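Provided herewith is a single structure, encoded as structure tokens, for subsequent inquiry.
Chain lettering (A, B, C and D) follows the sequence in which the chains are written, and residue indices restart at 1 in each chain.
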Amino acid sequence: MDELNKTAETESSCHATSERRSHHSPEVKKNLTSRLNRIEGQIRGIKGMIDKDTYCDDVITQISAVQSALNSVSKILLEGHLKHCVVERVQEGDEEVVDELLTTIKRLMK
Amino acid sequence: MDELNKTAETESSCHATSERRSHHSPEVKKNLTSRLNRIEGQIRGIKGMIDKDTYCDDVITQISAVQSALNSVSKILLEGHLKHCVVERVQEGDEEVVDELLTTIKRLMK
Amino acid sequence: MDELNKTAETESSCHATSERRSHHSPEVKKNLTSRLNRIEGQIRGIKGMIDKDTYCDDVITQISAVQSALNSVSKILLEGHLKHCVVERVQEGDEEVVDELLTTIKRLMK
Amino acid sequence: MDELNKTAETESSCHATSERRSHHSPEVKKNLTSRLNRIEGQIRGIKGMIDKDTYCDDVITQISAVQSALNSVSKILLEGHLKHCVVERVQEGDEEVVDELLTTIKRLMK
């Protein structure tokens, strides 16, 4: 897919009920990707810790760090979603997006 | 390191203050490693979702699944730690392990 | 304040920056109040458990139940806020409400 | 029940399977009770906020404060439980207490 088409598709993404898409800016995508690369490295690190019988407390500390890092990724995703998709769809009178958002927030609160 | 030495070291691991080690059975280590491999795959999947502009809600759902999977890993680690290290050290009269455990639990509760 | 004035004030509440108000229906308010009454009773029950040296595990179980009940109250409040205030203000072009909402969600996710 | 008998019962509480009791010092009990009194007051405050249509965000902030305060109560209870009951029973060779503790911790981690 060429860059132009991709942008066009992205712009209309919020109200295409058939196939919704997210629409983060290149900066946000780069930020998210580098965070996820770091998290992937941390998971590999934890596997190494298990393999080398690292003390349980230290492994749990490392898992907590990954959990926090994943929480940050969720918050960035949610911010993009709210500021673009939710605002746009609410302004168009589509209130179904609010129920959807509520489900997502409840999942994050559990 | 040969298997015999490894076992010997493992057995004495709980009270070696110089360099504490964990001491999961081969079955538990295999279980933890396969869980972490699956988590690593999920993280790579989430990167792919970001790259393909997957709808935000679906990405957050996937992140929640990884958080639950990491929670399970923490619980397995903690169970092994409690049933071996904590019990052994408390029976030897070492109560410092209890403060350490409390710190770990507080980290998990945050 | 008479009921008529109260309603009038409530209806205009979402865009009064000087003094924002919530605007739950009488049914929702009754629901929230009865949940909070029950929670207050549970707290008193927990005080009684402490006083009578009830076993720690049972007290913690009871505290967890209160935490879940408070979570439900937060979700009901958030649902009302989203469906009324946020939708109304976004439709009026006020996007500041989205930053505010994000702060609230982050507080609930912590 | 007179104070003497109460103390006697408390001291033997950790290994009485028939009716387990907690055994916090008078200072800890006073601390817990005053925390719970404050929490009860906060709950009443939240009811008042609902009644007066206080802005949703402010109510949620107040609920979060109560959740943190309840978490602190759980941590104090757990610390007492670990340092007295768990240590005592493990030293007596009763390892069932460890499974019980694990269940409690998992409840706190949920």
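Keep in mind that, in the parts below, a contact is a pair of C-beta atoms (placed from the backbone, for glycine too) under 8 Å apart; a residue touches a chain by one contact, two chains touch by 3 or more.
Quantities reported herein were computed from a predicted structural model and do not represent experimental measurements.
The chains that touch both chain C and chain D are none; no such chain exists. Work out the mean CA point of chain B and of chain D, and you get 27 Å between them.
We define each chain's centre as the mean of its Cα atoms; on that basis chain B and chain C are separated by 36 Å. Multi-chain contact residues, meaning those touching two or more other chains, occur in chain D at positions 71, 74, 78, 108. Taken as a graph of touching chains, this assembly is arranged as a ring, one closed cycle with exactly two partners per chain. Considering their complex, residues 10, 13, 20-24, 29, 32-33, 36-37, 39-40, 43-44, 46-47, 50-51, 53-57, 59-61, 63-64, 66-67, 70-71, 73-74, 77-78, 80-81, 85, 100, 103-104, 107-108, 110 of chain A touch chain B. Contacts from chain C toward chain A in the complex involve residues 71, 74-75, 78-79, 82-83, 86-87, 90-91, 93, 95, 98, 101-102, 105-106, 108-109.
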